[in-house]
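Before anything else, here's the structure in question.
Order as written gives the chain letters A, B, C, D, E, F, G and H; numbering starts at 1 within each chain.
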Amino acid sequence: MDNDAVLSLLRSVRDGETAPEEAVLLLKKRPFEDLGYAKIDHHRQLRHGIPEVVYGGGKTAEQITGILGAMRESGYGSVLVTRLDSDKAEAVNAVVPITYYPVPRLGLLGELPAAATDGVIAVAAAGTSDLPVAEEAAITAQSLGNRVERLYDVGVAGLHRLLSKLDVLMDARVVVAVAGMEGALATVIGGLVACPVIAVPASVGYGANFGGLSALLSMLNSCAGNVSVVNIDNGFGAGYLAGIINRIGERRQ
Amino acid sequence: MDNDAVLSLLRSVRDGETAPEEAVLLLKKRPFEDLGYAKIDHHRQLRHGIPEVVYGGGKTAEQITGILGAMRESGYGSVLVTRLDSDKAEAVNAVVPITYYPVPRLGLLGELPAAATDGVIAVAAAGTSDLPVAEEAAITAQSLGNRVERLYDVGVAGLHRLLSKLDVLMDARVVVAVAGMEGALATVIGGLVACPVIAVPASVGYGANFGGLSALLSMLNSCAGNVSVVNIDNGFGAGYLAGIINRIGERRQ
Amino acid sequence: MDNDAVLSLLRSVRDGETAPEEAVLLLKKRPFEDLGYAKIDHHRQLRHGIPEVVYGGGKTAEQITGILGAMRESGYGSVLVTRLDSDKAEAVNAVVPITYYPVPRLGLLGELPAAATDGVIAVAAAGTSDLPVAEEAAITAQSLGNRVERLYDVGVAGLHRLLSKLDVLMDARVVVAVAGMEGALATVIGGLVACPVIAVPASVGYGANFGGLSALLSMLNSCAGNVSVVNIDNGFGAGYLAGIINRIGERRQ
Amino acid sequence: MDNDAVLSLLRSVRDGETAPEEAVLLLKKRPFEDLGYAKIDHHRQLRHGIPEVVYGGGKTAEQITGILGAMRESGYGSVLVTRLDSDKAEAVNAVVPITYYPVPRLGLLGELPAAATDGVIAVAAAGTSDLPVAEEAAITAQSLGNRVERLYDVGVAGLHRLLSKLDVLMDARVVVAVAGMEGALATVIGGLVACPVIAVPASVGYGANFGGLSALLSMLNSCAGNVSVVNIDNGFGAGYLAGIINRIGERRQ
Amino acid sequence: MDNDAVLSLLRSVRDGETAPEEAVLLLKKRPFEDLGYAKIDHHRQLRHGIPEVVYGGGKTAEQITGILGAMRESGYGSVLVTRLDSDKAEAVNAVVPITYYPVPRLGLLGELPAAATDGVIAVAAAGTSDLPVAEEAAITAQSLGNRVERLYDVGVAGLHRLLSKLDVLMDARVVVAVAGMEGALATVIGGLVACPVIAVPASVGYGANFGGLSALLSMLNSCAGNVSVVNIDNGFGAGYLAGIINRIGERRQ
Amino acid sequence: MDNDAVLSLLRSVRDGETAPEEAVLLLKKRPFEDLGYAKIDHHRQLRHGIPEVVYGGGKTAEQITGILGAMRESGYGSVLVTRLDSDKAEAVNAVVPITYYPVPRLGLLGELPAAATDGVIAVAAAGTSDLPVAEEAAITAQSLGNRVERLYDVGVAGLHRLLSKLDVLMDARVVVAVAGMEGALATVIGGLVACPVIAVPASVGYGANFGGLSALLSMLNSCAGNVSVVNIDNGFGAGYLAGIINRIGERRQ
Amino acid sequence: MDNDAVLSLLRSVRDGETAPEEAVLLLKKRPFEDLGYAKIDHHRQLRHGIPEVVYGGGKTAEQITGILGAMRESGYGSVLVTRLDSDKAEAVNAVVPITYYPVPRLGLLGELPAAATDGVIAVAAAGTSDLPVAEEAAITAQSLGNRVERLYDVGVAGLHRLLSKLDVLMDARVVVAVAGMEGALATVIGGLVACPVIAVPASVGYGANFGGLSALLSMLNSCAGNVSVVNIDNGFGAGYLAGIINRIGERRQ
Amino acid sequence: MDNDAVLSLLRSVRDGETAPEEAVLLLKKRPFEDLGYAKIDHHRQLRHGIPEVVYGGGKTAEQITGILGAMRESGYGSVLVTRLDSDKAEAVNAVVPITYYPVPRLGLLGELPAAATDGVIAVAAAGTSDLPVAEEAAITAQSLGNRVERLYDVGVAGLHRLLSKLDVLMDARVVVAVAGMEGALATVIGGLVACPVIAVPASVGYGANFGGLSALLSMLNSCAGNVSVVNIDNGFGAGYLAGIINRIGERRQ
């Protein structure tokens, strides 16, 4: 409930159209409906201007189906479900049709919109094993209407691969850099470009990788000043945040 | 050396003005001068459009003075020195005059520019003890020409303090959220605003704080999708990155 | 064996009714029976005035059935079994009938008593995935006769959800706050209420969550002074302790 | 601002005494004054019924003096300053007279009130080295008007010491258990008493103590169900929380 | 090869019975046979006077069968196999008959000898879930000919259980204390007895237990001076070492 | 593209055979073909003179088959696939015939070459459980044409086993030392030989082993100056690096 | 108060010499005097037959002087003070004369007794930097009347140094092995001897030593079955425990 | 004592020149002299062909002076002292003249030899703050007679700096790569060169650097196969090992 709505309410109190006691209740009225296990915030889409996202990780197929059904009925154009295993996706799809992306394990209610931005988000990944995380970032950003360029298998141990893509990197408005193991990709890209770089540590690797900790620490300690970091394997967060930043550049047109 | 310069060089080879052997050398020519202990990259200011930064943490007053002197002679308008202790600052200032900010321990060669952006960077800090980090972020952003609003002592254990500043937060183009201890500020702000939030864990606290680890992990695990994180106490990085993001919105005017 | 009993025994020694050698043995007599693999402490219910609890985590269905059978025969009205998988529950139930709660994986021998307290325990959970832990706390507290209010899906990234429940929180005598990921819920609630808050870190999440470590550290570092913490996923402990604290307020009636 | 005040305001809007636009501003009006470096929340004492507390750890003597002076002028009867080194205490005392407790490094503006509760808080400490933390808890609780019993040097490696104090423990309404090293005291007491036990890990020790981590983990894993934990060395938090719990028992008289 | 054997060899060189070149080879001759995947040290039984032990954890049933067969043929009276899953045990038993103990997952080639010591090893365990580790210690010690007393379910949260066994503890020559979670049992026993206590952290528990780390750190930080620690879940090591220590007391008879 | 090639290109620009614009493109031309999911670097074999290696850990059988097929067609004589499970190996082999080594889970496209070096690489392993890692190192080194000597089951708890192999160790040009648990093998060998020792921590063990961390830290802290360390379980890296070092000694013949 | 004393008391109750009410009090009478900051347990020397030990680490010179004075008056023949800095030692010595050992920072009230055991404790140390810890163990053991042999600078990177002392090691009844860095000494000795080995990790080193963690983990993971571990730098504990074990062998004479 | 010496001894036994009893003693004779606090191994220089090294970190100036004096008298040409603070260096130099290098805190007894190898060791460092570690590596390698090339300030955030030195890197026989913070330098260089790369994590940085842990993990997880790692800040080890590897290439001339 924004300032204008409060003002309207107060004016209707002044004008005797609303009783003060009633207004107290209205000021408290909650902007969400209650499903018992999860509250859907219909106002969020208005405030953020972006599709709703459902974290599928700890939820059953039934819970996801219920949430998606309720949202579809409430008129949501586009809902993204993350960490959706293929068998759950199948069960959900039987009730509420969704598009399923197996590599990043993403489900999408609604259409993937056409790219609507001038600015480009470059999604770079160090190795083949980083693709699930990188694709989660890329499709998330696309679902928000962004233009996305994919630069895959550009790990820094073969530097010429990355350097051959320098033009794409330098033209990007934001870069998402996904890397496991030593996580050096984020710093090397950070030194090459002038735009923000969102680093995503991947849990790819073994041994002293400690589930992505090595890449996480490496990225947090980047000596490039334009690098910030999201959680290990959080491709969704990186794609989402990249989309927000990219839209800043669109805003003034 | 950009594409155009290479093309010019190749054309001068074609035109017989430059010998191939000489061109090989020119292609390799290094864009920096050598001080022995640190190489200053004069091209960086051109590429990034921002002032040079010197990390003062591991350097002696003599090294810093030498670097600043060389940069001043090379015509740098504005150089920031981070992690500069007050006694080193005094020693540097005796040779190369700088402005010194004791709270964030920053030294500035040149003037703090007037705010030149429409967009505002809000720098929020949870407690009094977080001020050194928050001020490092704020002054860094200001040194890049950004408008900055400071929201201090808005820790989430007294939520009304933060909510009373909601207007400033909602008007910002980027928010920098500095917090030690449980680091919840970043997530709470992330849920309130639609813009990017750069979270800075502060090493403030004791016990199970483990030098900022608690706030770091808390921020990385934020359930708000618009939050990314920089290193513990890295106010400089947050201010720098916030400046880059803020300028994206200015670009199109 | 309390002071009075010792005094009685000594008096019977004085009166020649009990031999000193026999009294030495009696002073040592053990107040429990021996099943071989686990000793049931029949005195505990008397001392604590609460039902017995069996940790089902590391025990076989046979062991649990044996323990419950022995306790039922000893006249226990109410026994709670925690961490009881549904298949074990089924096997136990075939021999000793129990009520089974699948979400928190709790088994209950006996009836869930009616709420017998004036004071209310509010159990708040940040997200849908925290429900198993939150329900473990809620049902444990209910099994001890407490009135419980559930506030679910009130994570701090959507602050209005929590604030809409402010009345319930402020009326509670104790709050249990369950949250995974960044664990900020405990601190935010701690700042809103004046009563004790028992924080339960949940192992929900991924990546730098490290099995609940991020929420644990966050909660331990809470800047709200009325927050204490139990082990990760320890809903039982939180519900049990909340019940003890709630009963302190009932005591004087 | 509570429901009644809002209702009054809305009635005055209805009655035309307050303009809607003015009411919007009043609804947002902030309940604290701004010192620049720290905001004092005058409402807090009302809400929580307890003295204000200033964390002295990261503040200069000047900042502390300024805050205490402002609070004294605002009519605060009792303000506690934690982590106050003796030299800072001396500097503060020269301007704003305080009572200083050197062992727990606490400063108190105002008088230590007489014990005003029937219920007793027992503060138990394992060894001589735990006294600073234990005294921080004890004096904090006393400053809140609680009756406190001190049980010092009752470490579990000499069990008879603890058992000789069983009467005091069993009569307490809350126990604060402070222990470093292996932290076993909290669990042993938790098994002996039926009331809540607040465990405080102390950073006392060396080697694999890792700054209190061993005691912290030990206490979090306590197999006694009535134990919760606060941060390492957080005697203040334990004393404060113990006071809140103790007052629950007083409330009904 | 001991000093006497070397002297004999050298004398045979002096006497011309052995050529110097041959003696060089003999001095190097290896006291074990080569199976390809594991070398059995036939001398070890002589040197240590104890049965051979095979760590079954990382080995296939075939490898274990091969090793046991070779040892049986070499005349070993008693061989212990640790970490032997029941299905592997069955496969081994089909070829080389062994006695299998399912709780501690131990296999024994040969007979469990009768207790041959005056001294007693007390094996104490905190809870039912610690039995696998405690039994591994107990049967290992028995397989070495020691008298063993089992004290199970004597966790310190119910102190009277432990104290009721004080006589057994005080009569023991060595105590093995097995405990997971907070691991306090070792310290409490250490304070009660004057003999060596070998502490075994068990990985029993969840959450901040971190796979036995909490008990491990707790035991290493024990304030009882007669406690030393072996690896998490290392019941074998504790039983073996207890046996060695117990035999020191037998030696002088 | 080396200096000579650049010079040739520049000469052809000078001679008018290549247009400058075309030369710019050629200077950027990428030396690899694009399969979509992984880029094969055909130049790498030339630069390093060694076979290509495919990390099979995070790849499907289909991806591996595709990569091997493309490489075979490009004329690669020898390709090693690491971390290849036996079922994947079978699936790959049905399409592209490979030799499969089950213990180290290695697949080899092409023949294992005859040993072509004078220098010997000694691969030492502490226990039977370390064989998978040790064999990964040994076969990797052999696939690079090196002579390899295996010294297995030479753990330092039975020192005579290792000392009996002293001659082999002292004759080696490089030693690879594989050990889990306490990892002492690397240091003991480091003190015995004068050549480089590459230490490989193995994740063999349990409890406070923490997945190889104990051996890793032990090896990093070796007080022998000729020891360096690779990642936990990284037999491939050790064998590869040992091969490079061994070839340095061959170079001058 | 042991069984006999209780029996005597009960008999005097039977005989009418002691009233039951008085006996209740006597049964509770505490066997220690109260200094306010530390309770001295006069019974301990009787129970353990060993000198009292004062941990000097967290205590002031005044506290230590007070404790030692009280103990001397109570007739203690021998009191050891650990972690006693030289300046504190000087202050203590001015009031209560003590012998001070600067390397292990030990103070001794009373005489170092002559060696009174047949059995020998061998104290082995890897390097010069481990001497403080090794000497703490050696002098502690000597203060308990044990014969001690010192084997210093026998680190495993120079194996011949250790092997040259094999006779001493093999004759010992217990070995204390002190080592920092990679901590391999304990395992190597454990494999050479048949007696118990008490391993003491030393915090000597830098980098990935992490304050002794590397040696601690290494020792806990020892593959020698006769090794147990005490806390990092806990020379006192090792010497004390070695003395207890050594005395087991003396007992039967 | 090598094989030939043993053979000679045995022959002299055969020839009756040496009694068997005497030979037993000779076989055990120890090749070092005893200073009490440190044993100098005169054979080591022979075995390894390199100067002796003294770790100065945990030693007093007196101990170092004593060791150096004894070694000088024993005829050592060159002794390196690491981790030597400038004040200790001054004290040592007053008795035993040494050359002192303040940046890497190295002391050298004897002359720095002229470079005697064809092969070159390249020592690369990411930033100015890494110089102490890099210089420790460089001077150590030089003290062993190696040719060394220094490449300083070539951090990967400014990739052109490193690429401008490609020729030097590609000509090197071994590379030492020193980097703190994100430690990416080792991987990037590893991908560029075909020779062995010894990575040295530096403890330079702050926050989530955790004393060099971030660079250490990053380097251990390097996806370049020719990289191995030494301890944090262990410039000495890297320079020493690089020297050993470099000499392998010299050996065959």
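Here is the rule we go by: a contact is a pair of C-beta atoms (placed from the backbone, for glycine too) under 8 Å apart; a residue touches a chain by one contact, two chains touch by 3 or more.
What you see is a predicted model, and the numbers here were worked out from it, not measured in a lab.
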Third chains touching both subunit E and subunit D: C, G
A-C or A-D - the one linked by more C-beta pairs in contact: A-C
Most widely separated chain from subunit A, with each centre as the mean of CA atoms: G
Whole-Å gap separating subunit C and subunit E, where each centre is the average of the chain's CA atoms: 38
CA centroid of subunit A to CA centroid of subunit E, Å: 54
Touching two or more other chains - residue numbers and ranges from subunit H: 127, 158, 207-210, 213, 216, 220-222, 231-232
In contact (per the touch rule at the top): chain pairs: A-B, A-C, A-D, A-F, A-H, B-C, B-D, B-F, B-H, C-D, C-E, C-G, D-E, D-G, E-F, E-G, E-H, F-G, F-H, G-H
Subunit E-touching residues of subunit H, taken from the complex the two chains share: 3, 6-7, 10-11, 13-14, 16, 19-21, 23-24, 27
Subunit G-touching residues of subunit D, taken from the complex the two chains share: 127-129, 131, 152-153, 158, 160-161, 164, 204, 206-210
Contacting residues of subunit G [partner subunit E, same complex]: 47-49, 53, 173, 194-196, 198, 216, 220-222, 225-232, 236-238, 240-241, 244-245, 248-253
Complex contact set, residues of subunit B against subunit H: 28, 30-32, 37-39, 41, 44, 55, 57-59, 63, 201, 203, 211-213, 216, 231-234
Subunit E-facing residues of subunit D, complex: 126-127, 155-159, 180-184, 187-188, 190-192, 205, 207-210, 213-215, 217-224
